[in-house]
Amino acid sequence: MTTTAEPVRVTPTAPSILARTKTILFGRDAAVIGLLIVVWLVATAIVPNFGRPNTVYYLILDVLPILLLALPMTLVVVTGEIDLSVASMVGLSSVLVGVLYQAGWSIPLAALVAIGVGLIGGALNGFLVTTVGLPSLAVTVGTLALFRGIAVGLLGTGAVTGFPGEYKDLVTDRLFGPGTAIPQILVVFVVLAVVFGVLLHFTPFGRSAYASGLNAEASHFSGIDVHAVKFWLFVATGLVSGLVGIYWTLRYDSARGDNAQGLELSVVAAVLVGGVSIFGGRGAIPGVIAGVLVIGSLHSALRLADVSADAINIATGGLLVVSVIFPRIVTGIRRRIARIRRRGSRLGLASD
Amino acid sequence: LTVAATGCGTDDPAGDGGYDIAFLPKNLGNPYFEASDAAAQKAIEDFGGTFKEVGPAEATADGQVTYINTLTQQSVGAIVLSANDTSALCDALDEAREAGIKVVTFDSDVDPECRDVYVSASSPELIAKKQIDLIAEQVGGKGEIAILSATANATNQNAWIEEMEAYLASDYPDMELVDVVYGDDDDQTSYDKTEALLSSHPDLAGIVSPTTVGIAAAARYLSTSDFKGKVALTGLGTPNDMREYVTDGTVTAFALWNPEDLGILASYTAKALLDEDITGAEGDTFTAKGLSSDVTEFTVGPDGVITLGDPFVFDADNIGDFDF
Amino acid sequence: MTTLSPARRGWWGIVLRRRETGVALAVIVLVAVTTLISPSFATGADGFRNLLLTPSLLMLLAVAQGIVIITKNIDLSVSAVLGLTAYATGRMFTDWPDAPIWLVVLLGIGLGTALGTINGVLVSVARVPSLVITLGTLYAFRGANIAWAGGDRVNAADLPRGFTRLGTATVLGVPVLFLIAVVVLLVVAYVLGYRRSGREMYAVGSDADAAVLYGLKVSRRVFFGFVASGTLAGLAGVLFAARYATVSSTAGSGLELEAVAAAVIGGVAIVGGVGTVFGAALGAILLTTIDRALPTLGIGEFWQQAVVGALIIGAIVLDRVIASRQARRLRSAHAHISTDAVIQAKGSKP
Amino acid sequence: MAMKTTGAQPPEPGGTPLLQLRDVSKAFGAVVALASAELTVYRGSIHALVGENGAGKSTLVKIIAGLYQRDRGEFRLDGEDVDFDSTARSKDAGIAVIYQEPTLFPDLSVMENIFMGRQPTTRWGGLDRSAMRERTSALFRRLGVTIDPDRPALGLSIADQQIIEIAKAISLDAKLLIMDEPTAALSGVEVDRLFTIARALRDEGRGLVFISHRFDEIFDLCDRITVMRDGSYVSTHETVDVTAAEIVTRMVGRSVETLFPKTEGITPGEVVLDVDGLNRHGVFEDVSITVRAGEIVGMAGLVGAGRSEVARAVFGVDQYDSGTVIVGGSRLRGGDPRAAIKAGIAFVPEDRRRQGLLVDLSVGRNIALVLRRRLAAWGLIARHREDALAARWSRTLQIKARDLDVEAGTLSGGNQQKAVIAKWMATKPRLLIIDEPTRGIDVGTKTEVHRLLDQLAQEGLAILMISSELPEVLGMSDRVYVMSEGRVTRELRRDEATSETVMTAATRMEETV
């Protein structure tokens, strides 16, 4: 055997805590959280009324549906899929609560049915995507129309209103008494955020979700049941959509077929701004929460500054485009620099 | 009525002579509200107040809630709104009123407990009667008619439709209301709905559209179709929108109050509330200036409703006299 | 042994197996049944005209969407492009009353092209997934539209009659709008089916890596797909202004998903490379016809959307079934060909 | 379609070379695919390019094609410096390439696959489908195959795909035709046809480059041979001047025996894997194999013989139709990799980057992926446990990486392979199925992998090794199963297994090809 000298072996170990902290600090999530802080500081400084408890209170109530939906949506997008039917399911759940309440059911029972239907709808999505093997974009564009259609079909464009005050108060009461900033319903979100955060970041299931999004085939070869992972995430999305439908109904005291219409795109936009890759495999819950809050705070601040709804839309779209293009540009420039360095003398011939 | 004493309202807006009044239309880009809000702006600036118009891009209740919340945080003096939903806005309005903000609804009301006063263009009975009389005259008192409404839960629309049904049953037994469709106060939807209406009811004699967006869209549809002159159309419309169709014979007559007057009256109502001239109780009186009619004295009726007056009928003879 | 030319063999079979045939059949059956129930639906005073007029705009958007989806992308911004160009067209007429109609029309379409170019640059140069980019530009274009229009809107009275007449005029009973949509459809179908550039779009959508190996200009094809999509959405916007004559800042809201749905129902696979713009246009016709037929068929107008949803799901499930069947058939067909080849090689040549 | 003769050139080398590459290098991140490659091709000659797997042949081809750009070196075509930035350029310059992996558009028709981007057009610039169909049929006639030009490429067998690639390359009418293992999937008849055409093209004065691992073909067809090793040029010979043995020595660069550190004379233990009468319609039939503890069982056969499919079915990533799979006494139903893992199977698949690893995931997470459940306490994964496991196994396998957080895709091929093995060894399996254990691995690492396999077997692991490299099978196996067209055609003891016996069984022919 011709012997080249035994090559130097660097047997790898985990990087130090310091190095890992550094990676986190310069990571995507940290950037979004930093952006949130900047938005808050600037808005508090220049927009009158922004820093008040009431602003925070309304801000939370307004973004809560997106916050809640963004949690399971993050996991779905991490597995490389997408669910565009969430807002329609919110509408359907809202209508069910209304129709059943009108028919004399109690609110908890009606809510249970709404959640059940959310589960079934999610399972339908999951079944079509995993077992039948259809692209989730197409499937959920279909169920978007289907769920919304059933909602509108059940209630027409009419509305059910006049829900009992004690249930409405569950949603709108403040945690620390009148005038304070935190609505008690936020507790539900905090619990769900912890559940989904832990699920994604600290459990075998979460590892499977990332793996499925990065490479479904290799995951299958590693003994991961990719279909099951995706299926249950669609079910979870349906469940949370059901919950949001109940929230929506009680907050606005109004069950209507068109509730939350168009919200799906806001949810997807927030998740993407929050640093989740549409290709799957990348993204984290803290970044997504910060992403939702950035968009929500920006909207709130602009409204308070009497900026019209239109400019707010432009800001949202711009933020989305910039947030996906910016990292591309940075890595693109880095790669180009590296290539130019490596090529050195062949610089003149370098082409792309 | 409790006077504002909570932490949010720092000072009584009426106290320093400034009337900080915000108009919240059903949605931005609706010419009917454009007209009334523009007139309101002039009226408010005339009496030394500040005017602001905010609103959602689409006519949804939750969009309005967000804006009511924002106005509450900004501690405006009064909110003047046309509601997209009777009850969905109530919680938000309650909080606004708790913060000392006066709430005036106009054009479309919310539940009476959630606002101080409602400025109604006309009473539902009068409006319903006027339109049914107009269509009956145009179709000869018999045949199938249909209604092209705005959104299905617009309070005013539903009240009128209810009145129309009752009035039809009692006074015009030969006329049958065969369908009510909803154009959502969206031009394109109304247009398409008109078309659908005509294709699904071939024997239709007339359409009543008690909404300015709806009647204009329906008229435009009819004017270019074979139904022109065969299917009658009336309802509530603005002269500028309808002039063309009255001239070309698509429409003989339609009704409306003056939206500018409505905006002006709503502004003065807000002023009267801020001045504490009225509280919304029945029998309170106040004055409004600059209306197209000579009336200046208004009295709060039952349920805190203030009525502008009878709807006005526009036809080929008089339409040239108006510009709004 | 007779060798049949592949062109002659099973011409009918090919037509019958095509997805477009199924969709067209569905449209025909729907129209026939509805007309039986309510004769005015297709034969009444305006019935026939509306049958063709109503789908025209969505047809254009579906064709636009079809082009983009064939290259394995998606354009969610079409509805916002439509809204913006429709409003711009109206504003050009109001702010510039003496403008010749044709110039305004061209400028309106040009605006669509420009917006499509923005999408194309972002997607093909920055290499960012088109779903994300066009979702962003959907917001941005729509926002720009509302910011520009504010509460203002363009009314019928502001537009020249010659222009608005375009929206409802007919030639031999066929609406001009429909004719325009059909001409556009034919041109696009010709380019996609019979020009090298069009075939390359299919290739790019079918397998982008293989396209690189072939030396095809992948980025350029994707870019032109978006430019074409923007242009067609711009044309649809101009025609929207002509047809509805009233343009507010929210014109066309929500049409983006309808356009995707039309394309998907028409057999354009969301994974790229498969389907035709004929299918997409037929999908648009089916969707709008269902919308109009359901009330006549006694299904409440409120249930329309549910039917549409079920239809979309049915269509993609059907696609899946057909695709896997076809894959299986092709595999077994291959085995036959191999044995044929041996027989032919031994037998037919002297 | 007849080739037009473009000025007859003398078949013997002389004058300006058609293609000249010198000192070409190319690196992919940390992997140096080419260090200093060299290739000179003359008109009217067929030039063989040989080298072990991973020697850099395909990379060199892709640089000539303009798919990759070289980092350094000289590239001349017809004596002029060229620099292709896309495959379109090389096509324009008269170079046709058949890539190693067929790359077709599955949704498009066969004829369009052949003519994409240069379809025949009518006077108006539209596609002339009937002309395209005729030209396709003519090409297929020349190749002696019948494939419906109108059918989509979807579902074509690898062999048919390869034929379409060949038809495509021929139709380009190029002055330089490069074929990267075109015969790997073809049967004898088709190979003969291809060679007839190749000789005809040579006689027209074109240059051809032919890459193959089959020496009989090379010596049958080619005029000159260039040998590569580890990304570098070794030597060029006139075919008539050398023997196959000499070429092999130059390719490998050492005597073959030392490559396979196989400990002899181990007595195998109890049966760990018992496969009986396994069937999967159209893929494999009636496969029965056993593997004992401490034994390395090789599976040989030509590419496409169905070995990988058997392995996949045993491990459960694929279903099977009938038959039994028993591992350590318990029966596996198929279609459930988790059950297989629980039963103690580890499976290193053939396609490392697509099936073996998550290239975008960190090395540490990759190693811990299969064991994610066992690492969790109270349902939660603690990172330090993942780290500890990954550190232990990467030390055992001597994986070279900066730290555990680097993405697995940035490792060199050999280290990626080790990471896959580490990931599976961490599960403490009783049976290791390893498909192409050393594909794309450099020679040094190859020996290490072999040493590792030997050591694992000595420790009592049962190993089923699938390999297309005959020396590897012969050198490492205690027993060899040979598969051909989905069937096990022979079982050979170590002392019976020679390249002759294996090849005979693999091709099911009485006489050697």
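Order as written gives the chain letters A, B, C and D; numbering starts at 1 within each chain.
Basically, a contact is a pair of C-beta atoms (placed from the backbone, for glycine too) under 8 Å apart; a residue touches a chain by one contact, two chains touch by 3 or more.
All values reported here derive from a predicted model rather than from experimental measurement.
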{"item": "Chain-contact steps, minimal, separating chain D from chain B", "value": "2"}
{"item": "Pair joined by the larger number of C-beta contacts - A-B, C-D", "value": "C-D"}
{"item": "CA centroid of chain B to CA centroid of chain C, Å", "value": "39"}
{"item": "Length of the line joining the C-alpha centres of chain A and chain D, rounded to whole Å", "value": "42"}
{"item": "Per-residue overlap in chain A, given as positions that touch at least 2 other chains", "value": "156-157, 308-310, 313"}
{"item": "Multi-chain contact sites of chain B, meaning residues that touch two or more partners", "value": "28, 57"}
{"item": "Shared interface positions of chain D, touching two or more other chains", "value": "none"}
{"item": "Listing of all chain pairs that touch each other, if any do", "value": "A-B, A-C, A-D, B-C, C-D"}
{"item": "Sites on chain A touched by chain B in the complex", "value": "48-49, 52, 54-55, 58, 61-62, 156-159, 161-162, 168, 172, 179, 248, 251-254, 256, 258-261, 300, 303-304, 306, 308-310, 313"}
{"item": "Partner chain D, residues of chain A touching it in the complex", "value": "1-2, 4, 7, 9-15, 19-20, 23, 198, 202-204, 206-208, 210-211, 214-215, 217-225, 281-282, 342-343, 346, 349, 351-352"}
{"item": "Residues of chain C that touch chain D when the two form their complex", "value": "5-7, 190, 193-196, 199-200, 202-203, 205-207, 209-217, 273-274, 326-328, 330-331, 333-334, 337, 340-341, 344-345"}
{"item": "Chain C-touching residues of chain D, taken from the complex the two chains share", "value": "65-67, 86-91, 99, 103-108, 112, 116-119, 121, 125-127, 130, 133, 144-152, 154-157, 160, 282"}
{"item": "Residues of chain D defined as touching chain A within the complex", "value": "27, 69, 71-72, 83, 85, 253-254, 258-259, 315, 317, 337-338, 340-341, 347, 349, 354-361, 363-365, 368-370, 372-373, 375-376, 379-381, 383-384, 387, 390-391, 394-395, 398-406, 423, 444, 447"}
